[in-house]
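Chains here go by letter, A, B, C and D, matching the order in which they are written, and residues are numbered from 1 within each.
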Amino acid sequence: MCGVTGIFNHPKAANLAYLMLFAIQHRGQEGAGIVSSDGKNLFLKKGVGKVGNIFEEKEIKHFLCGNAAIGHNRYSTIGHSCLENVQPIEIKHLQDQIAVCHNGNLVNAHLLRKELENHGNIFKTTVDTEIILHLIIRSSKETFLEKLIEALGKIQGAYSILILTKEKLIAVRDPLGVKPLCLGRLNGAYVLASESCAFDLIGAKYQREIEPGEILVINKKGIKSYFLPHCQYKCQKKAQCIFEYIYFARPDSIIFGIPADSIRKQLGRELAKENLTTADLVCAVPDSSNAHAIGFSQESGIPFDQIFIRNHYIGRTFIEPEQRIRNFGVKLKLNPVPSCKGKRIIVIDDSIVRGTTSEKIVRMLFSKGAKEVHYRVASPPIKFPCYFGIDTHKGELIAKQLSLEKIRKKIGATTLSYLSLQGMYQAVEKFSLSAKDFCDSCFTGKYPMPIPKAIDKFCLEK
Amino acid sequence: MCGVTGIFNHPKAANLAYLMLFAIQHRGQEGAGIVSSDGKNLFLKKGVGKVGNIFEEKEIKHFLCGNAAIGHNRYSTIGHSCLENVQPIEIKHLQDQIAVCHNGNLVNAHLLRKELENHGNIFKTTVDTEIILHLIIRSSKETFLEKLIEALGKIQGAYSILILTKEKLIAVRDPLGVKPLCLGRLNGAYVLASESCAFDLIGAKYQREIEPGEILVINKKGIKSYFLPHCQYKCQKKAQCIFEYIYFARPDSIIFGIPADSIRKQLGRELAKENLTTADLVCAVPDSSNAHAIGFSQESGIPFDQIFIRNHYIGRTFIEPEQRIRNFGVKLKLNPVPSCKGKRIIVIDDSIVRGTTSEKIVRMLFSKGAKEVHYRVASPPIKFPCYFGIDTHKGELIAKQLSLEKIRKKIGATTLSYLSLQGMYQAVEKFSLSAKDFCDSCFTGKYPMPIPKAIDKFCLEK
Amino acid sequence: MCGVTGIFNHPKAANLAYLMLFAIQHRGQEGAGIVSSDGKNLFLKKGVGKVGNIFEEKEIKHFLCGNAAIGHNRYSTIGHSCLENVQPIEIKHLQDQIAVCHNGNLVNAHLLRKELENHGNIFKTTVDTEIILHLIIRSSKETFLEKLIEALGKIQGAYSILILTKEKLIAVRDPLGVKPLCLGRLNGAYVLASESCAFDLIGAKYQREIEPGEILVINKKGIKSYFLPHCQYKCQKKAQCIFEYIYFARPDSIIFGIPADSIRKQLGRELAKENLTTADLVCAVPDSSNAHAIGFSQESGIPFDQIFIRNHYIGRTFIEPEQRIRNFGVKLKLNPVPSCKGKRIIVIDDSIVRGTTSEKIVRMLFSKGAKEVHYRVASPPIKFPCYFGIDTHKGELIAKQLSLEKIRKKIGATTLSYLSLQGMYQAVEKFSLSAKDFCDSCFTGKYPMPIPKAIDKFCLEK
Amino acid sequence: MCGVTGIFNHPKAANLAYLMLFAIQHRGQEGAGIVSSDGKNLFLKKGVGKVGNIFEEKEIKHFLCGNAAIGHNRYSTIGHSCLENVQPIEIKHLQDQIAVCHNGNLVNAHLLRKELENHGNIFKTTVDTEIILHLIIRSSKETFLEKLIEALGKIQGAYSILILTKEKLIAVRDPLGVKPLCLGRLNGAYVLASESCAFDLIGAKYQREIEPGEILVINKKGIKSYFLPHCQYKCQKKAQCIFEYIYFARPDSIIFGIPADSIRKQLGRELAKENLTTADLVCAVPDSSNAHAIGFSQESGIPFDQIFIRNHYIGRTFIEPEQRIRNFGVKLKLNPVPSCKGKRIIVIDDSIVRGTTSEKIVRMLFSKGAKEVHYRVASPPIKFPCYFGIDTHKGELIAKQLSLEKIRKKIGATTLSYLSLQGMYQAVEKFSLSAKDFCDSCFTGKYPMPIPKAIDKFCLEK
């Protein structure tokens, strides 16, 4: 996934970029970085781990100076999790300083890199973001904007990019609009973020989604919008990631124009229409499936209950008693309440990727005395890998490998069913969105652009 | 609050004590400690902060040896938060080694300490737990059990104590049974914990609550139960802390014999019976009020919805933008979904202590466009300080200072109402519990024992 | 060894105590602590490791308040190296606060502790210093000074003690004056330290050694000297530790009234008189034997040279290549210069305890091509354990186990000789000191007081 | 300065590179790094600070794999002290991996970098070492050796370079041989280091200095020597840094073929011949001037004594009492023995750069009661900046700004004199070295190559 944040024309730019990163921490916890600009210099600080552990107050106040800043939360889809690969990536080149960060994946990154290396360029990271910088620097065009447009013309994939130079902040969304990126205002300042919940935290007002193919240039004079040449009359076709609605985004975010939790509740309602069964209660796999479960309960009339209690103190450094004790990881996080004993329970899950958590969830319920466990999934079976920013490798997708009945047996549920593709689109159409504006390749295998061979997570390191 | 855990006769004693501490981390996050025994020596490790940050795998495996262990999560009610004051407190005395930890508060601690110091005893901490050790050591009785009973005869207050010596583990609950303490089995081992959710994590089976006034002695020969002299024929009267049901305990724990979440849902139902209003939806102040809100929704028929989204990445080290920005702390943790706009909302809160969070909750909803905010509290107004382990100082109790209407104005709600004392007891009586077996002094000011003057949090340090 | 520092009546008391601890860091590197007093409260900070790693500027400035302070560098002779055992040891008792630290060893500590425990006292550490506090607290005398004198009357051994209460600083030296302790002035302030080099660092002026059996009480009114009852007319006999001159003290310190480096050079001269041989050059085992070697060179006329080069970057965390590579530890610290090739070398060592370093020194010289290595030791053979603060266990003393010739063979030297006891005393008598005022029990086995059985390093932990 | 180490064909390559870095830690303490090769991949670990604090045992054993390694100690002459600028610098480029580190300074680095950036290359650091990598990558030559020679043909300055690729280790010394670099053997392995003392630590045998202009290629087949084209018939003229003898190198190292301490003692002897005076004793500013002082004493017959005692516990984190207390820094490290009172003292210093330490040294002696302090410097006055790796900025050189008499007054010495340039060369000629083979530009201003304008420490960052 990854998350990006940006701000222009605010005296506490780095601090607000930091707060916004904090709000979208769920989009990536492997590393984070902020670059600020005071008009004369860029200042960079990045680190491995979570936002709250990387930045110190003094640094934010005294080192990350200036009225503009961009920030990034890293979730590793390309390249190893080392400090070098944490974004933003910043370079000094002649008189210029440029920093860039992005959410998404370039599908032709390995081809472009090889070409650039053959021309004598040296890369300092293994993340695809760096390629954009090399393409800009090597461009023979005159202005920075022209160089950028030439560079963007060469890259293919999903990208929501923020670029910071000494004097300007630029936001770009790819022509298909795969990943979200939205614009807001905070008094006189412009703010940008992958999700609108970042604006809520700092009291900024959500304005709109950046358009697919749009290039937004913000500087002292104000804001100006451009479009990539082939998107000049706006893109006919979009390929927005449907999984942002199903799982990625925080429920309190407005994504592609619609609040995520509204879509989720509707997905739960559609699921109830398609897959009803008799039961005593409906519960969610917390916390990502809460909205789906509430929708299901409202549609079906079966009471919603909170069955799984979360332990909020999970940290990185946990010592398990013995490796052979199975399911320990989930037990630390979740525990069913005693009152589930003797009950017929419908469990709502947003999706199933590998199925390991589902198996533990079902087992925990039965071991606490549940009578029946009906597993309901608020999205279709995931059968195909994603090349645009989600880490799903073929071998791990349970629905690619097993039939519905075999999945049910494996996870141990009394019954199992998924939402249909049609049901999923009925949910989004309820909000006047069009099915054809979404990428559903993880369910259907129909990719919105050609995928070059030999692409995988570490392809830039080979 | 504080939490205690204990285990006897298990080869991974310290590791399981550690896991159980982790499960009841919500009872205290200021420090934690474990003492183990291998029959010949006691081994102690303690630290400041949360369980997951204090213990390292190597220490647990190689240093905290033996088949028995006790552990403690500290929530500071008495004494400063320094390492010395973290429990268990362990002493070496002649041939003996004794470790002790407890949940609760001794109301005559300052008097006993002064007396002991006048006799030439030196204290190493400012926590009341240490007094018990001095009383045992100074006792002229013959056996350890006799010494312990003599010591317990001198202390007054609420205490659920675990004591570990080289050969035995002893559990004691005060004659009024103020604080919970339960017994479980894990194959051949006995386990003890403040809450039964600790047993779930390690796969142990809940057996029963320790009785008020009971002294349970576990050694190689087995388990044996004694009672404090004045409790020999079981105590007539109990004073169990009702607040364990309302707020303290995890909803998945069995407390005083009944699952906490069942009581909570019933409190929500009683609240709905007493305080209904027209509204579009019911929501909870997460996560502690979820069960109350679900009960309210079920009783009233008004749909339950998840309005507040929690940020799960809150850490200790957070940098706020400016101190004058109000409400920042809560905004970091909670954000309402956009769909609350235009809605009439019933917010369920388990209780109000100082009212500062309630105020922020209401303000957040209105700033997101809520039409009406009806604040409903699933317990009576808290008007009196607690001397048995909860940190409520008179000056801070909003219901002590303001009338209902003034509280409503201060928090900014459309309407405000509390559950009545009668309603609260109807909820517990639904589960065959008797109102007279509870301490409700925080609501009524009727304390179950005389409270000596000049008792406060730091009284042992003066 | 251990080192103590104290200061009274200076606005930067804790900072100066810290600096003085730093100057005498060589006396103990296992832990350090400082207690300060602002007249109303004592403030304590201690830690494991070296002074420079334990204290932070903020703590010294803002936490360790007041005009008086005492500090301690720990070298573990009694008790384990855990934080609890780091001195000063501080207690709160009724209205009083008392902190104490000492350099030395109490030989009847285990007997006194058992007695106190039988009376119902509980100890919080395993260091003998704590016993003094219990004895003071239990004394039935009226004034603090009377209580202290009663307590001191019960302890036996070597002790240079500093005590800090809210209003006064007290310094005590045992009746035999085994360990050093000196008094200085810094403008209006009184300073105390184990060695005078601590005064140089802070610009204080050396005044005098505290007398054996003297009790110095410093408070707002000034300084007052008392003597232990049996020392009232000054002690006839002293038992000053001769090893302070040979090895312990820094050469720039005045010890027992005489600069240590002057005595050392004289020891080297006596060694040259007794044990001359033909050679090309004289060198020292750096840095502790430099002065002895210079004295030897001056007396003998054989040129002094610097053969061993020290690596100043040795830290705690060093990774050796393989455990079987012998002598690695010393090679990291010392390396001979290439020009020692073909030379006949006299190596001067201050003393030999276990002989392992000597062996490595000789081997390094021969492996660099030295022709002859004549090992000369500037003190007599160490054959007996020390019970007063030095960590020499019988089994490890090479001179107790092997003859001179066998030692020579083991360390591989061409020739080996020690300074005689007579030669050693001729050196100190040169400075008008009397041989009978020294403890030489490590060479002779003649202890200045009876030693109870069963005393060893961990005797208080059994 | 900086220091480099390398090793080829040893199963513990990284560990030995680490140990050698430790031995030459004095050449740079701002950062260190190691790159190892297992024939298929390079592995890099670097950090800020000292060697002992950067590397952990596990990393060295399990991560820094392979039979070959190079290491670097950083002393910042070019670029800021951030992690990015720590060497070795390692790149991945197409199928290749190359790591490089060097000791020295390129005087045309800023010009080359600008040229490369104009060609579209992006730099990841601000250290001049990186330029060499870009020049190699951009070379159109066929083989790696040809590319390297082309790259070296473009750079000017002082450089002792180590390069590691997957299969080979290459060592290069600039045509003038400004900085040292020597070759050794450890059984079947080749080792390289800036100073031979690194070989002593690991038990390797010193073989020879790398020749000026020599390129040594070590791979599985063995070792092969090449020369830079303009050095094919060996360089006529060398410009070896005389300051390596005076101050930089450890005295136990063989530098440019001669043990450093032998030269130093001879410098002291020449100083005694030129600048004798009547005195009671000769002492050194420890530890760097010890050998010079011993030479002076031997030539003059005035006894050598150890006057300054060093505190070996100086760490980074030291808290000074107040900033206005002058001279504190030196007092922490050095303290004169009390016996210097009333003495006429000759102090030998290897060199004077800014004069601040000299001033403190003289003041300390007088404040301890010295009668006369005769300051003698074992090298000529430093009047010109060094562009080849020493951090001497014009403004700071006291001898550039003040006359001899004014310097004497400033430092407060009774008399002051320097060794003459002639005397310095007589010392080296004693060892059959030729005066014309040395760079003495810091004394004479005669640089061995033209120096481009605008060169300074941060020139690559502008």
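Observations on the model:
The rule we apply is simple: contacts are C-beta pairs under 8 Å (C-beta built on N, C-alpha and C of every residue); 3 or more make two chains touch, one makes a residue touch a chain.
All values derive from a computational prediction rather than experimental measurement.
Graph distance from chain A to chain C, where chains that touch are one step apart, equals 2.
The distance from the centre of chain A to the centre of chain D, each centre being the mean of the chain's C-alpha atoms, comes to 50 Å. Distance between chain centres (mean CA atoms), chain B to chain D: 63 Å. The centroid of the Cα atoms in chain C and the matching centroid in chain D are 38 Å apart.
Listed for chain A are no residues, as none touches two or more other chains.
Across the whole structure, chains are in contact as follows: A-B, A-D, B-C, C-D.
Those residues of chain D that touch chain A in the complex are listed here as 91-94, 114, 117-124, 126, 133-134, 137-138, 461. Chain B meets chain A in the complex at residues 12, 15-16, 18-19, 22-23, 25-26, 29, 50-53, 55-57, 60, 196-197, 200-203, 250-252, 254, 259, 261-262, 287, 290-291, 294, 297-298, 303-306, 309-319, 321-322, 325, 331-332, 335-339, 368.
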